[in-house]
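Down below is the structure, laid out as structure tokens.
Residue numbering begins at 1 within each chain, and the chains themselves are lettered A, B, C, D, E and F in the order written.
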Amino acid sequence: MTVELNAARAGGRAPNALRAVTITRNYTRHAEGSVLIEFGGTKVLCTASVEEKVPPHKRGSGQGWVTAEYGMLPRATHTRSDREAARGKQSGRTQEIQRLIGRSLRCVFDLSLLGERTIALDCDVIQADGGTRTAAITGAYVAAHDAVTWLLAQGKITQSPIRDAVAAISVGIVGGVPLLDLEYTEDSACDTDMNVVMTAAGGFVELQGTAEGVAFSRQEMNALLDLAEQGITDLLAAQRRALGI
Amino acid sequence: MTVELNAARAGGRAPNALRAVTITRNYTRHAEGSVLIEFGGTKVLCTASVEEKVPPHKRGSGQGWVTAEYGMLPRATHTRSDREAARGKQSGRTQEIQRLIGRSLRCVFDLSLLGERTIALDCDVIQADGGTRTAAITGAYVAAHDAVTWLLAQGKITQSPIRDAVAAISVGIVGGVPLLDLEYTEDSACDTDMNVVMTAAGGFVELQGTAEGVAFSRQEMNALLDLAEQGITDLLAAQRRALGI
Amino acid sequence: MTVELNAARAGGRAPNALRAVTITRNYTRHAEGSVLIEFGGTKVLCTASVEEKVPPHKRGSGQGWVTAEYGMLPRATHTRSDREAARGKQSGRTQEIQRLIGRSLRCVFDLSLLGERTIALDCDVIQADGGTRTAAITGAYVAAHDAVTWLLAQGKITQSPIRDAVAAISVGIVGGVPLLDLEYTEDSACDTDMNVVMTAAGGFVELQGTAEGVAFSRQEMNALLDLAEQGITDLLAAQRRALGI
Amino acid sequence: MTVELNAARAGGRAPNALRAVTITRNYTRHAEGSVLIEFGGTKVLCTASVEEKVPPHKRGSGQGWVTAEYGMLPRATHTRSDREAARGKQSGRTQEIQRLIGRSLRCVFDLSLLGERTIALDCDVIQADGGTRTAAITGAYVAAHDAVTWLLAQGKITQSPIRDAVAAISVGIVGGVPLLDLEYTEDSACDTDMNVVMTAAGGFVELQGTAEGVAFSRQEMNALLDLAEQGITDLLAAQRRALGI
Amino acid sequence: MTVELNAARAGGRAPNALRAVTITRNYTRHAEGSVLIEFGGTKVLCTASVEEKVPPHKRGSGQGWVTAEYGMLPRATHTRSDREAARGKQSGRTQEIQRLIGRSLRCVFDLSLLGERTIALDCDVIQADGGTRTAAITGAYVAAHDAVTWLLAQGKITQSPIRDAVAAISVGIVGGVPLLDLEYTEDSACDTDMNVVMTAAGGFVELQGTAEGVAFSRQEMNALLDLAEQGITDLLAAQRRALGI
Amino acid sequence: MTVELNAARAGGRAPNALRAVTITRNYTRHAEGSVLIEFGGTKVLCTASVEEKVPPHKRGSGQGWVTAEYGMLPRATHTRSDREAARGKQSGRTQEIQRLIGRSLRCVFDLSLLGERTIALDCDVIQADGGTRTAAITGAYVAAHDAVTWLLAQGKITQSPIRDAVAAISVGIVGGVPLLDLEYTEDSACDTDMNVVMTAAGGFVELQGTAEGVAFSRQEMNALLDLAEQGITDLLAAQRRALGI
């Protein structure tokens, strides 16, 4: 399969352009934070639930916990996938992604300011078109922020445990060209795929690069990181706009 | 808990009134049928996926199959529920509901006209406020109809296997008063809860009545069925409007 | 398959006749209540076990709990079924049935009079010939009654928590004829199948009707309920005879 | 706990006496062989099901297979045990027992005379009072014999694949005294427990001895084997009487 | 397959000879006891872990517990076996073996002298060539002994809970000849296979004999036990040499 | 916890020094490739098994497959971990690691030259002291190389499908100092942890960096990559020495 990307990127998108990003808060009614985030055709519902309990390893510590789970509706994808609940277990891919989301969010939380409670982030993909894990992290931050605002309004905490903002984007090399924010057809065709998670302060939280078939050079990696830094700057701005801060 | 329903039904709703029903087709992109159905605050995404295979008991029969799976996002409800995929199994309630949806839809299909393929209906509750299983059946019918239209357009079948329309509604007795289309607070307070599935031709497909604490009389049952027949008539009209038929 | 039922009902049974009902108490030695119930060729062993604990949602409530589990021996049926313990999970059908039995029995119990203890009802099908769930409910009531008598005799409770008797029967339409208490060949051939659970006071506890292929009318439903009411009256009498009350 | 056995063996049973053995053929209706076997208060239903398939390692071999599964109804015992189907797995004890039954029966079968089919033996304990696995083996042989008779009558095989009869008994040392056929209270109190499986030709098929707390001497083992040989002789006679051969 | 054993036993080994036995203590670094035991080509790593907790049935009893788990690396065997962790359950064989190891070790422990703590024995087969369960028992004893020495040195206990030494060996009849310590090719060809567990005091702890195809006589059993007693005497000496006692 | 690393690195190791690397081929007998690799106190047994089958998505493709599984013996670590086979599932961490190993090895294979067969790599940690996944990748390459040599010697393939060598190392920042090849105490104390997989040709195959608490800068990342490149060069040399090429 030949992918002529400069010519063909969907909608004439530039290699260094994000897809349209939409962040809708209060998307559902019950959760303390509920955000639908869209990266083009990728739509992920991120809810933040406050639970007055912590996992065993945090009991009695005075500290809270932030955790994440990830799922994909069976027909979020081009062809129907088995429902994980029916198969009786989560795939390795699902577990890998939800561990990534959890680590990324915990990195910007001061757990001792949260008190002995949990913020549970559920990221469910309604429609998939590449970049679901990066959209999930970016949206989960906004949902977590709303849950913290709720905790402050309820008087359950008096100081925000959020130390920094966090967002994520994918980058990759397709047909030799470094591209920002891969959609599904690009992701399938790419030689190298990298997911980058960064804070507003400019540091890396997670960095996961994978060569698909051909190893990548340090120079290529640097080009990808340049793209990612720029994209994440835009996502952090979109988060602030959505939160009105 | 005392529920003064004539006075207090949310939004001044009459005992025999449905909540606002909204049916949005093509809600997501990939499925052959994709419908978001809303019964007031209850929102269920119903997708219909065409798969060119049948389960073992239909192989070689020349007949197709219609099946359903049901799920609820963890924070669709007031308090977060465990994710079934993480727990490693579907609850008895989930299995009961998805079997009900499957039977209800199969009842209006001529499986021999479908050919040896499956229509898989996925009903995922995005937000719950009572009546999720009846919304799922009502929405799944529309999604299945769209999938059949797609099959006809593709030339995969030449005649529709759909013999009749099907819709469902809940009814119940709360504080002695028969009510149509229970929302969550009513469902929790009710003495008797009945789910009714009917066809456009006026027949019953499924009828599941449960007394919560106090058994119900035949007279009460008849009052509930009168309500249900009326509500289903309205739902069938809403389906036709949504489908433009 | 053509079923000429007036002519052919096994043993010349009338459409409105139950099969021979046999209730044997103290069938096994260890359980506080142990009943073998037979509806013709259907044989279900129902044991009631008193356990001095309650599930989490009842702890500290001062109330008890009544629950049920259902199983079928692998060769209770015409052809051998997989053993659920070996497959590693209970089928959806099994879960549906055991939830039905539990709800039906709880409906006649005043759980606050039971104290913080559980009556666990195990309904195991030794031989199946249709109507296993209705036989299970009818027999489980007798076993539960024996367990309550034991609790009273032990001085663990001073007042019976049983408020009413409960029994169940299946009805269905086969070849256009409403029939009471379907046996396996009738159940397989029927257009409509309904399981009805009623109390001695005459109220409905559960009502589950399913159309197999053809929807049923309200008139047909009324004919079925007439049959069911009559059959349940006979079953309640058989329970009383077995209990000597 | 002191057990004075010569004085106290239930019903004045002699150390070398079996409990009453009852073998009821055709106990249930559907299986090709169906036997209820009772060793005193221990009751096991053994069914033999003929299946026209073999497990993968026998496919295309021209040989058949004999296999066994074992289960215990939840309230077969003094206190209720969890249902294995509900827990989602069979215990190590259950697997150990069903593997023992399967090996014991295969030892008397010429699998090449069975043809490519399986005899599946289901041994379900209705009531337990010690010795369930030995009763299961002894009863399963009779059920398997009936299934073979059915296969011959159907013309599916022309020569019996059964080469010998097989039966089993438990023996143990309780309070220093070697005893035959332990019931539950004896089994709980014993120092050494041995299960012995033998053929009519007098050979050992399986021998499983376990010291509970105190190791046993070779002399003790010889005394136990003497008891077992005698008990198995009686069981083999009971099998022949039941089979009328 | 004809096995001419007197002529062909690998390396000219005599029928009553053990393979070379090697016991390496402190094989890994973290466990309180860590032993690699080799019976010829069979290599099992046995670790003993001290855990300051007991299973539920021992809580509050003042007594400790000794338990064992067994595993086989996927390519310990001639052809690769599925990894049990990936399949999601332990096989019946694995459970049978780990229960045997646990019982064998508990038999030589005075659990009341251990205090409320557990010694967990993990026996993992690195390379398999027959006799893995007997090597595991023999090695686990040495590892348990080292864990007890550690407990004494730590001052956690003041008296050893070990009452006796325990070791195990396999014996079998191959081509009519009784053989000690079967290796894989002999085990596959044998008519009768027996695993014998004995204490230094000369008593039997476990005895598991299985006929493969042909039942065995009492005389054959006696010949096998003679071989086993002799082999276990040698193994107990090897344990003492390894422990320097 | 303060870690003074220049002063305290175990054994006076320099920040840019690997621990002692030992690669032992033919460590076990049955596998086509069997390698024990040691990075200091970390010991991983890597076996390569040739299987004449491929997973479903490769059937009929003419291509082979390379896959990996990872496990840790329960007491490979400081405190005993639950056995995954006993718990009934692999942890998210285990799945993440075995997916990483598989992708890393596939990246240097030309699957079309392998033919329709699988090389299954089993990486089992015998003793853990940090860096188990990087040791596993580095050792698995040597085992896979031996399996390919075996395939060539057997005449099953005529050309090696291995296109390049691959090795992996961990790097991290501890107390502000970039370190190569973290051992357990360093790994537990580090701010940033990165696993790097590279080929002999100098390209990156996988790159996984995680901030523990504090995000890392691009400059820090570059320092880490410099260390990693140097360490991998040494590991590739060690592989060649072990293979004698």
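FYI, a residue touches a chain if its C-beta (ideal position, glycine included) is under 8 Å from a C-beta of that chain, and two chains touch if they have at least 3 such contacts.
This structure is a prediction, so every number in the text was calculated from the model and none was measured.
Traced through touching neighbours, the fewest hops from chain B to chain F number 2. The chains in contact with chain A and with chain E alike are F.
Ranking all chains by how far their C-alpha centres lie from the centre of chain A, first place goes to D.
Ranked by separation of Cα centres from chain C, the top chain is F.
One finds 51 Å separating the Cα centroids of chain A and chain C. Mean C-alpha positions place chain A and chain F at a centre distance of 28 Å. Put simply, the C-alpha centre of chain B and that of chain E have 59 angstrom between them.
With touch defined as above, residues shared between interfaces to two or more other chains in chain A number as follows: 88-89. Around the ring, proceeding from chain A in the sense that reaches chain B first, the chains are ordered A, B, C, D, E, F.
Contact residues of chain F toward chain A in the complex are 89, 92-93, 95-96, 98-99, 103, 107, 164, 194, 198-199, 201-211, 213-218, 221, 225.
Residues 28-31, 34, 41, 43, 45, 47, 49, 51, 69, 71, 73-80, 83-86, 88-90, 94, 120, 122, 124, 126-129 of chain C touch chain D in their complex.
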